[in-house]
Each structure stands twice: as structure tokens, then as C-alpha cells.
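Structure first, commentary second.
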């Protein structure tokens, strides 16, 4: 019996060792990952012969931190949101990027060029609703808060980020002032007080695939949602609509956890995925804005009009403030969690 | 129920059966309801079904992520079961045959992986195994699942051994069998049902484990339940229903095996006592 | 065996004494040998289970961040009274150490730890570290104060000193909604941040409700099965064992399909005209209760059944033949005999329930999350492992107290077959 277990142990050790030849790429799952699979992973594997193991997460940095601190890095390329990237970069969680291995900085929009990560797409958290179930279309976050006029459950992402911004926008704060107000204790109290108003009507979601699902099934009448996920549901024939006004947009980046043993392959992948053509293919599959300036020219005008970066959609939208969330993130998330659990 | 029962007794008799019927329906119907939906032709998990189709099974069998997770489960669970069975059976023999102060306490400690909340086990192992480079490896995942399976082997095997008459081993020895022969020809056949059912329990525990796996595994080692967890959280697709159906069939098979083992065990015991 | 051949030819008295001794020795050796069979497993569990948990619990009092990152600064501050600004060496030491650990995880960890003590500290550290190292020969005190005026604040320096101890009660106290004020006295956490006592209470309360529901539903089932002929009760047992062996995730998925807004239950209710619009049955407390009762009901039925199976029907018959009405004889004679089973089943369900994570996570809203969720939240989301460890310690203590109670009453070998 002991012999068998020893053999099993050795066998599995060999197996786990063998897996190290592949590149592990972690991104936010669902429709986003499917688009990345088609536009980046599959063509990259075909061109380079490097097999990609795709995984998904919801942005939590704990695993990356544990991996880096224990020098046992098993994730090679990670899609990271801006505040986490900035924080992780300061703390040495991510490799400082050598742009000579990726491409010319000038080819990318300004917000995409980071010290530890290169932006891969611009996404927006917007107000979405099911046009089949709502007679009256909402046009702003103030409408989202109006439970008398539009009754029913509302979905919001479980977390302080963006939720607090939306609360202030609904409370009449101008987009340009949101972060100045939120940086004061009184502003934070104001946001939470505003959230109190609709707390019983909120259905919290965590994974990006949930809002379109729950909007389509009628579990909620409107929700904050990643614009790309709504578009994916529209493509499946669901009558979901986006309100661009009051959306908060941000850049997601590719980053390499510090000490990845496959850093050479990781750079090859990032270089491949940061070209204009794959980016335009990605945007055609899920409407997130490309970061490569050349990509917009390669796509349909119809596709381009659905992107968060389309000029019409930028009106009334708010860029997420990375510095703010780096600074206040942990405190606000903790307070939010305490508030939500009550 | 005799003919002289009072109306109250009659009502009690019927009422109890109706109530129990309802509870049993509550237990089984939700599981059965999901099976037909896995053969639905369209992508909605609703009745009436629009037609019969195997497309969701095809999706399961062709999707690389599901295939990888199935493969991982088939690596991790058997390996963890073998470790748990080997160590657990040895220790059970030791526990039943020896006597020392603190044996009850030791027994309680050996069984404790069953009661410690899984999140605590997961976090503890994750923070402990990470510096050793064992998180995100098959080895680490197998070890953690083996720990969780051990209590089931211990409880079933010690229960079997408690009813085992060790004089039979002595008898074998007196008839000239050496200890190894006696173990394989006498002890093992008699305790085998207990060992196998303990192993089945350990296998089922590992095959259904998701909390510790959430912490210990990276995507390469994602097991079937781990993949289902992401699937359920993001999007209850009919593919989930197909996987669920396969798992229900599997658990039914395990249940039948276990029942067969139990009856066999009873038969052997019964034959001996007569 | 050959070595133990008995000395039959020895004198009777001697041989009896010698035999007894030898037998005892042989017995002892045999027991030791068998005891040794436990060793491999014991060793395995110590390394792979007990040690990790002990290490986790130790993290609830560990305080390594500042202690490890700023040892020299702390050494200088050790002799500082805290009444006025620290000496110039403290500034120099801090500047030197910040320069040394710039851009490493150690700096981030220390900044984060200080930020828990004094909000805003993180940016202060990061901002200062970014300007490091100072040019050769520059006065560190002046330079730091120019970078940020907060370095001329005594409280900022006190925070370093406070967080510099290698061990802290900070996390354990926080887990009980307590804080230590700047003057060192204990006080309750402000209401908008205090949640853990609520969460603990909620964990107990939900476990209690689930255990009570399981008892109410499980008792009649076990009773009927125990009083039916064996072949009939065996076939009913299948209904209990099938869900027991079915994956928890399968059952959770099934309940979501059944309970969602356009799910089968709502369709049925609306078809029957019981409701006009779909009821909210899932992603709230109700959905969590339904699924948890479904998952844990077999754990109640099985121990109840095994106890009831052992109750002889003779007593009930005797009571009734003596003229006691059926219900009274059930209540006075039968029911008390089932109490061990009720105790075992309820405690078992309660213990398993307290540690639940998956079911509330998939079927509940934030208001349904129990202690386990917050342990996972602090581990994965905010990377506050001290807090995760402190909450683990609280949950583990509660579980173990109940487990000891359970094992005392029912013997460890009957420990829960929980999954």
C-alpha cells in the first residue's frame, strides 16, 4: 500500500512538472475570456507552438502575492485592473516591463502605458436594463435610485469600487467632482447614505457574467454591468440596453507576476496580444476599446460605435481614478463589506 | 393498521405517510428535475422542453476546460484515495489492536479533519503549502484531499475491525500460515468491505471537494467541482446540467456498490455467527 | 511464534509466574507493534493538517510587517518616550530603511499594516519611499519633514512604535469588535465598522434554524423507516442516501434552476394562480435555508434512524396496554428514548452548518454570508491574513467546543460523516 502511494506521489510530481512547459494566462472569465481565447490564445498558440492554459479570477490579488512572496509563481500573464496594478507595482508583485520586447510606447493610448503593465482594453461599467421588462427606460443613475417610478431589483457589483461613484452621481455630484467628494469622510458618508436608500432593492453580483444572465431571466430590472457582457447578451438575441451616461471606464492591463519562470514566453504572448490586428479582432467579439491606436481603423464603424471609447459614449462618462483607489481602496472595501453584510 | 383503529389513529397513520412522502420528494425531486433538462434542445433551463438533444453532452466532451477538469479529478481523487486508504487502514488496525492512555483523544484527533470547517483547512493549507511550493501542484492538492479522506477510512475500517474476530488470524497461524499469508488470505477478505467502503467515502469526498481546491489549485489543477463552481457562479448553462447528470449517475453507482458491500459484509458475518 | 514456545518442562510455580510475565511482555510488545501502525498516519496528519492549522492560528497574533521592515528605526524608537518628536537618528534610520526596501513586498506590507492603524499612512510611506534614497550628507529629519509635514507629528511616530511589536492582539480584538485606543484602553469598534459579533451571531442563528428544520422534517422520516419492515425501510433509505451521495454542487445547481425567478417553482406557483408575479426565492435567506436543509437532512435522518432502530416496541405496547393513550405513550415512553439520536443529529447538522461556505456563497446575498465567507474574503480579497486567522480561531474554537461535546456524548468513533 505504501509502495503504491509512493509511486502515486512520484507519478504526480512528474505530471505537475510536465505542466510547466505551458503558459498560464489568467483573465476575468466569461465572455471576455472567450473573446481572448479566439482573438489571442488560439492564434498565439498556433503561431508559436506554446500551449496556453486559460484561467479566470475576479481580480483578487492574494494568490499573486502569495506566489511572489514564496517564489512559486505559477501564473505567467495576468489581466489586472488599474488600481491593483499600480499597488502591486509599488509592492514588487509585478515585473517592470521592458517595452523593447513589446512594441513602441507611442503606438498605445496614454493610459495604457504602465510601468508594470500594458493596457489591453478599455472597459466601462455602465447602467444596463432589460428593455423587454421595463416600460420606462432609465437614463441616469438618479433613475436607478428611483424605486417608486421603476420598481424592482437592481444589480450592483459587490464591492466599493464604482458602487460609491454611482451613488454620488445619483446624488447629483458632477462627474468631474466625484473623486474630490469621495476623498473626504463626509463624501464617503454621503455615498453610503445614498446607498442605504436602495439597499433592500439591491441584488449584488460578483462575476461579470451574472448581470446579463439575471437581467435576461428577470431576476433584476436593471444593473451595473460591464458593457462587453451586455453586448454579448445582445448578440444572443436578448433585448438588453446600455445607458452610457454615468458609466465609469478604466483600462485593464496585461502584467507578469514577478519571478515568473516563463517570462520569455510571457513577453512573446503580450507582444502578440498588443498588436493592432488581434486587438481589433478581440473588440469585434466583445466591445471593449482597443489600446493600440491602429486597431480602431481596422474595424467596422458599427463595432467602433459600441466601444466605450467611441466619442458619443464618452459623454457624461467618468474615468476611474487609479490613484484614489490605490490610496483608499482597502479602507473603503472593508467598510463596504461591513455595510453590505448588515 | 388494524380494523379497530380510531379515526384519530387512522388520520395519524395516513398523515405520517403523506408527510414522509413529501419530505422524501423534497429530497429526491430537485436532483431528478435537472436530469431531463440536460437533454434540452435549447439553452433555457425550463420546462416544457423544446426537444431532445445531446448537444450539451457534446459540449462537455469537447470543451477543453471541462475535459481538463475531468482529467484532473481522475488524477487527484484516486491518488488521494489510495493514500488515505493505505495510511488509514494501517492506523485503524493499530487503533483496534493496541491500547494506550489517550487512545480516545488520538482517535478524535485523527478524525478531526472531518469537523474542522473546510475554509479553515483551505486557508491553513494554502498559507502553509505555498512557501513549500506545493500550492498549484497536483502533489499539494492530492495531499490535501488525502487528509480530508482519512477520517472516513478510519471510521469505517475501525467499525469493521471491531466486529472482526482476531482469533481467526491466530487460527490461521496455528495452521501454519505465516503472518503475510494470514493477512492476505484471512484478514483482508474479511475487512475488505470496510476498507473498500472507506475508500469509496474518501473518493466521494475528494471527488466533490471544492473549498480546499479553491485555495490549493491553480487553473491547471482545476477539478470537476471547481469548474462547476465557476460555472454556477457565472452562468447556469445546460452544460452544468449535463455534468450534474453524469455526477448523479456516478453517485448512484457508488451508492449501489456500497449497498452491495454492506449486504456482503452482513452475509459473511451472518454465516459466521450461525 | 517459535520464540514464544512455552517451557512446559519447568517447575509448575515458576512456570506460571514466568508464563504470566512473558505473556504480559509479549502482549505489551504486540500492542506497541500495533501502536506503531498508527505512526505513519499520525505523522502525515501532523505535517499536512495540524501544523498548517497551528501556523494559521499563530498568524492571528503575528505582527511581522513593521517589525521586519524597520528594525533599526524601531531600535532607536525603543528608548524614545513619545512625549516630543523622536531624535534625529530615528529619521536617519527610517530614511535608510525605506531606501533599502523600496519597491519590495516588504515595504508594501509595512505600509499596509501602518495604514490599518492610521488611515492615510500607506500613501505617506509610499510617497516618502519614492523620494529615497536621500543624497549623501543631507539632514534626514529636515528632508522627511519637507517631503511630508506629517513626519513632524508625534502620533505618526507613535504608530510605528505601536505596530513594531512582534506580536499583537489587534486582530483577535478586531474579530470580537474591540479596538485599543491610542491611550491603550479597550473600547468597542465604531458601529459602522463593527460586524463580527453580528456575523458570529448570524452563523449560530442560521445553523440553529437549519438544524431545527432538519429535525422537524427528519424525525417523521426516521420514525416511519424504523417502524416499517426491513425491506420497505431499505427502499425508503435509497431516497435519503441518493441525495447524500450526490455532489453538493449538483444540488446547489438544481436549486438555482428550481428557485430562480423564471424557475420551475415560480412557474408552478403562477400556473396555480397562487401569485401574480414571481417570488424572490433564491439569492436571499430563504433560498439558503432551503438548500442547506436539503443538503443536511440526511445527516439528521441517519443518526435518528439508527437510534430509533434500537428502540424496542415492547415499551410502547406495554404503556398502551396499561391504558395510556397512544399520543401520550409516544410522548412519555418513545420520545425520551430518541433523545440521544436527536442530540447527535442536531449537533452534527449544527457543526457542519457553522462551517458552510459554498452554499451561502452561491445562493445567498451578503446578508447570508457566515464567518467562513469573511475568512475567505480576508484571505483572497484584501490579503489581511491576520484578520482571516483571527476569525478562523474564533470559528475553530466554537466548532471544537461542540465537537468535544459531541464526542463525549457519542464516542469519537461515531464522529460526523460530514462532507
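A few comments on the model shown:
Chains: A, B and C, in written order; residue numbering restarts at 1 for each.
FYI, a residue touches a chain if its C-beta (ideal position, glycine included) is under 8 Å from a C-beta of that chain, and two chains touch if they have at least 3 such contacts.
From a predicted model like this one, the values you see are computed outputs, not experimental measurements.
Taking the mean of all protein C-alpha atoms as the reference point, the chain centroid lying nearest to it belongs to C.
Pairwise, the chains sharing the most contacting C-beta pairs are B-C. At the far end from chain C, in terms of centres built from Cα atoms, lies A.
Centroids of chain A and chain C (each the mean of its C-alpha atoms) stand 31 Å apart.
Put simply, the C-alpha centre of chain A and that of chain B have 38 angstrom between them. Distance between chain centres (mean CA atoms), chain B to chain C: 22 Å. Of all residues in chain C, those touching 2 or more other chains are 40, 260, 262, 379, listed in ascending order. Residue positions 2, 63, 69 of chain A are each in touch with at least two other chains.
Those residues of chain B in touch with two or more other chains are numbered 87, 90, 126-127, 233, 236. Those residues of chain C lying in contact with chain A across their complex are 40, 103-105, 107-109, 112, 115, 119-120, 122-123, 126, 192-195, 198-199, 260-262, 278, 280, 283, 365-367, 369, 374, 377, 379-383.
In the complex of the two chains, the chain B residues touching chain A come out as 65, 68, 75, 79, 82-83, 85-87, 89-90, 126-127, 130-131, 133, 135-139, 142, 218-222, 230, 233-236. For chain A in complex with chain B, the residues that touch the partner chain are 1-2, 4-5, 8-9, 11-13, 15-16, 19, 22, 24, 26, 29-30, 53-56, 63, 66-67, 69-72, 74-75, 206-210, 213.
Taken together, the chain B residues at the contact with chain C in this complex read 8-9, 12, 16-17, 19-20, 23-24, 26-28, 30-31, 33-34, 37, 45-47, 87-88, 90-91, 93-95, 97-100, 104, 106-129, 143-144, 146-147, 150-152, 155, 158-159, 173, 201, 204-205, 207-208, 210-211, 214-215, 225, 228-229, 232-233, 236, 240-241, 244, 247-248, 251-252, 254-255.
Remark: chain C residues 1, 30-32, 34-42, 44-45, 48-53, 55-56, 59, 217-218, 220-221, 223-224, 236, 238-243, 245-258, 260, 262-264, 267, 294, 297-298, 326, 351, 354-355, 357-358, 361-362, 372, 375-376, 379, 385, 388-389, 392, 395-396, 399-400, 403-404, 407, 412-419 touch chain B in the complex.
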